[in-house]
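Naming follows writing order (A, B and C), and every chain is counted from residue 1.
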Amino acid sequence: MTAGHERFIATDGVSKTYNPRRADPVRAVDTVTMHVDRGEVLVLEGPSGSGKTSLLSLIGCMSRPTAGRIVVDGRDVAKLAESELTMERRQRFGFIFQQFHLVADLPVIENVLVPLYPTELSLREMRRRAHAALGRFALDAKASRKVRTLSGGEQQRVAIARALVNDPQVVVADEPTAHLDRRLAEELLAILEDIHRDGRTVVIATHDPRIFDHPIVDRVLEMRDGRIVGERRR
Amino acid sequence: MRRHLKILEFALSALWRRRFKNLAIVVVYGFTIAVLASILLMTDAMRGEAEQILIGAPDLVVQRVAAGRHDLIPVDYAEEIRGLPGVGEVSPRYWGYYFDAFTESNFTFVGIDDGPPYELELLEGRLPSAPSECAVGEGVARARSTGVGHELTLISHDGLGVIFDVVGEFQASSSILTNDLVVFRNADLVELFGIPEGRAVDLSVEVFNDGEVSTVAAKVKRIFPDTRPITRSEILRTYDAVFSWRSGMLLTVFAAALAAFCILAWDKATGISAEERREIGVLKALGWSTRDVLELKFWEGAAISLTSFLLGLIAALVHIFLLGASLLAPVIQGWSVLFPEFRFTPSITVYQLFVLGFLTVVPYVASTVAPSWKAAVTDPEEVMRG
Amino acid sequence: MILHPGVLALLGGSAAALALLVAACVVGLQVLRRWDFSSSSATQLALERRTFLVSSLATVALAIEIASSLLFLYTVDDLHRLFVGAMCATGSLNANPVGWWVLPVKVLILLAAPLWIALNGLDVRAGDFPVIRAKYGALLVLAPLVAADLVLQARYFLGLDPAVITSCCGSLFSAAGSGVSSELAGLPVFPTMTAFYACAAAFMAAMAACRLRPAAVARIATAALALTFLAVTLASMVSFLSLYIYELPTHHCPFDVLQLQYRAIGYPLYASLFAAVVFGLLPALSLVFRGRPSFAAAADRAERHWLEAGLAATIVFVGLASVPVVFGSFTMRGY
């Protein structure tokens, strides 16, 4: 499926500075203007420390920029209150973290349910959705197992099921292949392709060539020192 | 509504996951509650017991006071008091404290002629009806290793040993009054204590109309300026004040313990582990708002409070009503050497629960507000940055 | 001084509430000083996070105060046993008249605290903190009120002397005496009863109208009737409701209803009364801030629930109060 050209997320001169009042402020994102089209697979590529994770969390409504505008689906989110930002995050985004960030002592199903707790869905409906998400990755049989008893690949699929359980429009993944061997990385890319086929937008931050050379990727933005220095379209 | 219940469910499962860590706070919290509840329940039970006893007490007791010292009262006073309007029976009473050199403890001796002065329940035997007979309380029986069918030797006012036959023993449940009690016939007691002819320890006065008791008391005082009339309600109030004061006093002492507990609660709530912090970060990143996490923390606190409250309360009930307040009794009663093994009538009121809740849950909640907030505002971005 | 466990709980609780509220005020002022919602600086983000601290501190403090009002009534009622001549809370309060001053302060807190909590809820839900200045300003008014509550309670309890002989409700709330309370007791029964039921009906009608057709006039009318209803009901309590509950033509005490011998009917009575009044006041309060669209939206969503809850509370109250009037064996005929 090719990307449409409808702007879904757009940043305009966005900057993010950490420790702004200290002597050594860190400007992780430096006046970046970019966009994500609806339904495309976009990769932010760059070495560690280049600011791609910071840009990813800005796009994912996880933090607010120090300067600039971010428009998500027509709404300026740069100045939203924290609670509004949370609502955006809850309704539109699914996250896959570098270290999965699963709760090891909880059963698989509970981990997948976490994003649904603060909604008004009934427990029955929550469970239905969680089972559907797990079923997609052949994890339904292991729903009541503790996460710590699963293999790395299975844990990764639980993390992805969790990212999809709230039916997000955008899936954001931060270094998803960082700790994976070739086989698991292949598997992950296959899953991402599958997610993309649902019509979801996918944004990935990575420095792994296995990803940005993959055929599902529509566009690659190169980042260095908090700036975008290049764009490759496939 | 549904959202609140679901967050409650999540909170309970989170507590259960960290049950060993939470156990520590529940134990200390529960212990604090158990101590406070024991104090409250015990003083109220004692007050109730005293009130129960005083129900049967005379409406008015007239003592004689000589230069402020309690003195024996002439029995003739009774005739004149009986003449007052509204007054029924007036009878002289014989009683006193006896220091027992064998056991180094105090006994209370009461003389009776026509039935006991209060509702006394006999464990076995009967009340004394012939000279040289007596009935004893359980404490006395144990201290002097005697009982029904045995004898009790006492030293009379002139230093001679006198032997009494024990014909009855009182039940333990009417504890406060009967434990150190020995009951004789009046004549025996007069002889034992060497009370002069025509004198009594005090007079008990029956007043027909409860509302007239203080009027009668005032009249008695006017006719006999050397007397001190004491109304039953005065005694009740004194008991009330004494017990409230004792319990308040102890609670004040335990305020230090409460403060220590608050510090612990604060510390526990502040020092959340890195793992817990990461977990909250994940929740925030996955769409939980600060409000949701605050609510999660609120439910966690509520569950811990409720568990500790119930455990502490049960411990206190067991301690006071099953174990006879064995740990607290020496501190709180303290007016007689012979006061072992109480049996209180189990009772608990809504008011006690309310006060207890206020004394324990409020400090806990107050000291965990700020730490909960601190945890709830964890930046979701921290998760992304690893 | 009386070292009664309930007294310690009250003083401790009020002190804790005051400490939390003062902390909330201090943090609130810090927030307001640098507040700039249009900024997206890190400072502003930190301030927004602090608003949750202020909300938590203030909500807990006010919740403690609301619970402590109940505990105060209960304790004062319990204390009467310590005083010669006292038969209920009236006697305990007479034992040290400062106690009477605690009551109006408690009533004010009982009305203001839930209003603040509701306002805060709307402000948080609105998303962009439309009334943050007003609500923190209100905290600065509430804090002295809570302080006054603590000081008056402390003075009352410290000044209690069990040796004092006090007079009880019989002499205070009797139609023959003089003073405000006696005048209330001396109110003619049937006109007062008519006023009470008329007022209740008008209050409920206003809430229903406001629920069906929200408008500024209806909201203000509801609030005005809520306050009238509170005043008329408190007077009716002394004038005639008490008589039916006690089934005695001369027993006017508004506190004896708290005792177990009257099934502690006083607690649900007073609780439903205050709930009804607070829910009746909320629509008018939100009217003040309706200029902000985000707030108006949040208020619109909540208002229906307020009015429904207010109606329910009023029905519960009038029902509870009317049972002895309608079904009791006592009648006022001839009095």
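Things to note:
Here is the rule we go by: a contact is a pair of C-beta atoms (placed from the backbone, for glycine too) under 8 Å apart; a residue touches a chain by one contact, two chains touch by 3 or more.
Quick caveat, the model's predicted, so the values are computed rather than measured.
Within the contact network of the assembly, the step distance from chain A to chain C comes to 1. Remark: the per-chain Cα centre closest to the mean position of all protein Cα atoms belongs to C. Put simply, the C-alpha centre of chain A and that of chain C have 50 angstrom between them. Once the centre of each chain is set as its mean CA position, chain A and chain B turn out to be 64 Å apart.
Computed from the mean C-alpha positions, the centre of chain B lies at a distance of 34 Å from the centre of chain C. Each of residues 290-291 in chain B touches at least two other chains.
Of all residues in chain A, those touching 2 or more other chains are 82-83, listed in ascending order. The multi-chain contact residues of chain C, meaning those touching 2 or more other chains, are 49, 124. Of all residues in chain B, only 39-40, 43, 233-234, 236-237, 240-241, 244-245, 247-249, 251-252, 255, 290-291, 294, 351, 354-355, 358-359, 362-363, 365-366, 369-370, 372-373, 376-377 touch chain C in the complex they form. The part of chain C that touches chain B in the complex is made up of residues 2-10, 12-13, 16, 19-20, 23, 49, 52-53, 56-57, 60, 64, 67-68, 70-71, 74-75, 78, 81-84, 124, 162. Listing the residues of chain B that touch chain A in their complex gives 2-3, 6-7, 9-10, 13, 17, 278-279, 282-292, 379-381, 383-386. Looking at the complex, you find that chain C touches chain A at residues 37-38, 40-42, 45, 48-49, 124, 127-129.
Of all residues in chain A, those touching chain C in their complex are 17, 20, 64-67, 78-84.
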